[in-house]
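In what follows, subunit A forms one complex with subunit B and a second complex with subunit C.
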Partner chain A sequence: MKLLKTAAIAALVAGMALPALAQQRTLTLNTDASDPAPKAAFDQLIKGFEAENPDVHVVVNIFDHEGYKTAIRNFLTADSPDLANWYAGNRMAPFVKSGQFMDVSDVWQENGLKDSLAPALSSMTIDGKQWGVPYTYYQWGIYYNKDVYKKVGAEVPKTWDEFISNCKKFKAAGIDCLTTGTKALWPAAGIFDYLDLRTNGYDFHMKLTNGEIPWTDDRVRKVFAEWAKVLPYTTPNVSAIDWQDAVSNIVQGKAANYVMGNFAVATFKDGGMTNDTLGFMDFPEITPGIPRAEEAPTDTIHIPAGAKNVADAKKFLAYVARADVQTKMNETLGQLPINVQSTVGDDPYLQAGFKILSTADGGIAQFFDRDAPAAMAKAGMEGFQEFMAYPDHLDAILERLEKMRKRVYKN
Partner chain B sequence: MTAAPAIPGSASGLPGPRKRRRLSRKLAPWLFLAPGMLMFLIYVIIPILQSMWISFYQWDGLSPKHWIGMENYVELLDDDAFYTSLKNNVIWLVLYMLAIPAGLFIALFLNQKLRGIRLYKSLFFFPFVISQVVVGLIFSWFYAPGFGLFFALTKWLDGTGIAILANPHLVTYGIIAAGLWPQIAYCMILYLTGLNSVAPDQIEAARLDGAKGLKMLWYVVLPQLRPATFIALVVTIIGALRSFDLVSIMTSGGPFGSSRVLSYYMYEQALSEYGYRMGYGAAIAVVLFAIMMIFISGFIWKMWRDERGL
Partner chain C sequence: MFPRPIQTMSPAARTAYKIALPVMLILWLLPLLGVAMTSLRPSSDLAQGNYFGMPSYLAFSNYLDVFRNSPFASYMLNSFRVTIPTMIGAVALSCLTGYALAVYKFKGNLLIFFIFVAGNFVPFQILMVPVRDLTVKMGLYDTITGLALFHIAFQTGFCTLFMRNFIKALPRELIEAARVEGVGEWQIFWHIVLPLVRPAIAALSVLIFTFIWNDYFWATVLTTGADTQPITAGLQSLNGQWVAAWQLVSAGSILAALPPVAMFFLMQKHFIAGLTLGAVK
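Moving on to the complex of A and B:
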């Protein structure tokens, strides 16, 4: 009898406790923020969100940055979180087209994000709808060694012709004008993207990565012709060099210029460069008069189709989109906020990046491997790598890419 | 009296236990084999059949599968990257065989009674103990343009230097050289154990008959090492066909795909960041499986013959 009573009380207590627990709603977030800076930024973001929404508890699952790219395919179909990190542009297309990401146009509509996140609107839109919220991006451009420029008496170039004529000065001094490390393929794509954006403009580049223009087109050949001008002054054997190893060429003054993303600044500084020796410039002009476009890969947060707590997930997206939140988060990340009302820290490279991105009237490209579908991106980047080593293989490379284009965009 | 009780039952009872015993004698091996066979079925046979099945589909791992029949195979026939991988696989197979004579040579060299010979043996065996990933890293630094020892050496010789891993014609050979390092050690250890069991009386008899040097090796020692040679051949062929880790670590298939092998190409197409073409990857896997089948059936045939004493 006594036992029965105890059991009854226990059941009663449990019954009362359960609804109390349920009031604390959980929101799961899967992220690839495994590096120190992104991890700190996400910690801060979630603390801020929980402080404003005390009834929501955010559970974070951190994945290794590279492993995440495979893991997301598994967890989206098997055990879906309420929120997940990903990238803008064509990179999110497979998930949008297979119905794994939720349409969040209403979040954009209700919070006026089309104005405040305007720089990323086009890269977040597929079929006229928005599929996630961007929270950070960073600029690409040319990082250069100021000491080396002084040593040979070169001016920072404004046009591609000036850049090439500088190269002759560097060559005379035994310095590589341009360095890179294409072992991981993508650094070569940065060079191609900028050459194409400057030669043919943003619209052409987008059509090319969308498969609407044949690779054998004369305008594509023109891009490679511009590239060929700088190849004699480029570090040899780049296909066997990691991008971090190429950084040391700049640090040691063996090379002058490096087309890279802003994340490399930390590596340059680890190598001993300072704001006085490391310079940043916008990629020089090639065809005069075309609207200036820039390259800025964007990181995003999405709601998977299988999310359980959609209402709070949408609340979270609206929070991430806010100007003050993006300002704070990107201070920790050392990157640029997308919200146009946000402010940027006094880091000179970020300031420069913010300036060129907010005034880029041509448009903002994501990056070759995010704008083009995966198979095309891979084949393209291999082609760029081969072209850098064997410029005379150009015809064979372009034909191979054209064959790939016909296959990839067929369906 | 003794036979009497047995009579009524003899018509049906006597064959009973005998039949049962015969049945259980037939059944027992299958029962003992069953767990192993079940595992083999679930983890080997069924996945192989599934891979073949997937190779007829276009599938990205997320969306519904789409039947395209032989189209993946048709595309393979027209795929330069596939032929590059196939060619590299053949180069791997041929050059990897060098590990066998090299291992034999080192084993013969180390097969002497000296102070501290065990230390030398273990030093020679060392590369097999370290992971393939470490071997790959060491060799890619060795070859690296700029700071690599090999690059510095060639630069001193010819002025410009040869960056093996950036050269589409040399890269596969560079990776094979890295792979041979541990593989030679493996073959060496196989031969060293084999040499322990070479009959000393036969050596002595041959010596009395005047056999020396190469003749002794060829006619007396090597025939006794046949089991070791067979195992060395098997592990070397398997090693050459699974040459995935070194390619992945040293070049990721580059420069521009010229060091790909079939196993790496399959991984790239099916599972890597720019891949997720499961059907196409499966088609490559089927081709690789067919190539392996040639060797596997050869081995099975030989073992079957040996067991029957032919």
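Moving on to the complex of A and C:
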């Protein structure tokens, strides 16, 4: 009781002592930008916004990335901020369908965002409305050790067959052709997504993650058949290590290729690799002739339905969508801006990513755990992990996933 | 019954003891040593896969980065703001309940005592959802007050058991003599019982301090932001979205462990006393 009283008195005193604050409107933003780079990017973003809107004070609550996934369910119902970070695609669907995110189609309409943010329009739209504003994405692909390629005399492959024949050369030299670390499950999904996008194409992949295609379909089996080709050349026991532990395999030259997102570049370089030793290539072609699709997870900002300061929150979204703001923010983030009028820094990996994303005529997928609903994504990724360790369990895995599909997409 | 002094054992047993002790110590401390080593490793060592070898250089800057990369000082302060009120609140309440349950004979005395004790047997995980809902409804969700109040309520059960047994062991004649002299009940509590239970209060305070400081579960359930989260929950924020910065988490863990360790060394006497007090009646 005494504690409460003291707190109340302290609040009163603070309120009286700082009358200037009372005239300012506050805008609260919950974010999982806890890394140094994202944090710096958000600091910069907020400073810029406050400079243009001196009457608004932005209060930022930073969460750690893992904790945020559970915290958001909590704070959206209990103590709603005015703005919150989240992800595009199916990852935002539960919040949209339960009415916890606000429809911001008017912000898109008034600011012409359907043109400027065109690459992300489809992943931000549910039921014909837009539910947030995207501010960054990054490419996935294969990062490889150039020195190792030179050592065994392998050429950078254009097709999956070339990739597999390279693997034989690596094997002869005692080098793992492909490495990854699937302890956290998702790195395996990156491999599956690309194999599916290259084998069956974007439309099929979207139908699969939307639950419209049975997992026991022959076309799904074909994807796993392609995957099985590379398994003998993959680092053993990948399920025991985290993705960043597997980075050292590439750094030390024990492995040649790594299917990863662009965020891994910082860790490769931390381990001592440079632009001269670290290479990036687009995932090789499997089925000739299908339109090339890519994977680029998109980060977004939303207005929760319980927001108190909606007017300023919408102003903030319009600000985040601007080309100059996205250029500056993504320079700090080391990622790619969504706004088509933005420019990209001169980092070779970003340039390469920008090139493959802007010319991907097949479409842009988010990522398995963002395209598929959470329960399906978890079961799927567990299945991929199991498949990598025990390829002969494939039938059982696919049947399990099919059962899951029937349950998850029933409604 | 009691272990014999080592000096009286055979020479062979003494040698074995002298060898086994350091070996056990090292085994026991190995994980901690690993954390200490990692906290001084540059992140490049981890990216190169050098986890257990010699660090390429000693990166004391990790300890500074902990403060630069996260609101570490604020987490630390929050921990004190939760721990100290809880320590005072739980100990003060349990002195009163302990006194009442130990000195007065009334109907249901034993029942009330058992209810206090039974609270300790409830696995607190099953309280997660109701307690969260309760704090949300009371407007205490994500506040230091809410977290401290909950800890006080939950710790008072254990403290009451401890205090009641300690006060029960005091000679009843002291209290009866005072009553004969016409001293009021509050006066007896304040001037006779409290000074006598000082060692128990000290021991209990040290125990509660370490319990609450090390609490992770409720810190993650009842608080969400850097303004309210204590250090145990805040350590996670040193990890990045993709990269687990083990060198920073290790450095942060060592810093977070300092206050309870300091408390232990400063109050060592009371700590040991606290562990045995409740055991012998």
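Everything that follows uses one rule, which is that the second predicted complex is superposed on the first by the 388 of 411 C-alpha atoms of A that agree within 3 Å, B and C clash if a C-alpha of one lies under 4 Å from a C-alpha of the other, contacts with A are read in each partner's own complex, and residues count from 1 in each chain.
Here, a contact is a pair of C-beta atoms (placed from the backbone, for glycine too) under 8 Å apart; a residue touches a chain by one contact, two chains touch by 3 or more.
Only a predicted model underlies this, so the values are computations on that prediction, with no experimental measurement involved.
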| item | value |
| --- | --- |
| First (subunit B), second (subunit C), both or neither touched by A:245 | both |
| Subunit B versus subunit C as contact partner of A:374, first or second or both or neither | first |
| Partner chain in contact with A:157 - subunit B first, subunit C second, else both or neither | neither |
| Partner chain in contact with A:89 - subunit B first, subunit C second, else both or neither | neither |
| Partner chain(s) touched by A:400 [first = subunit B, second = subunit C, both, neither] | first |
| Partner chain in contact with A:264 - subunit B first, subunit C second, else both or neither | second |
| Subunit B/subunit C common contact set on subunit A | 245, 249 |
| Subunit A residues within the subunit B interface of the complex | 69-70, 73, 76-77, 94-95, 97-98, 100, 183-185, 236-241, 245, 249, 369, 374-375, 377-378, 382-383, 385-386, 389, 400, 407 |
| Sites on subunit A touched by subunit C in the complex | 3-4, 7, 30, 32-36, 38-39, 61-67, 71, 74-75, 78-79, 242-245, 247-249, 251-252, 261, 263-264, 266-268, 270-272 |
| Of subunit C, residues touching subunit A in the complex | 43-44, 46-49, 69-71, 85, 132, 136, 141-142, 145, 148-149, 220, 224-227, 233, 236-244 |
| Touching residues on subunit B, where the partner in the complex is subunit A | 60-63, 75, 80, 140, 143-146, 160, 163-166, 168, 251-252, 254-257, 268, 271, 273-277 |
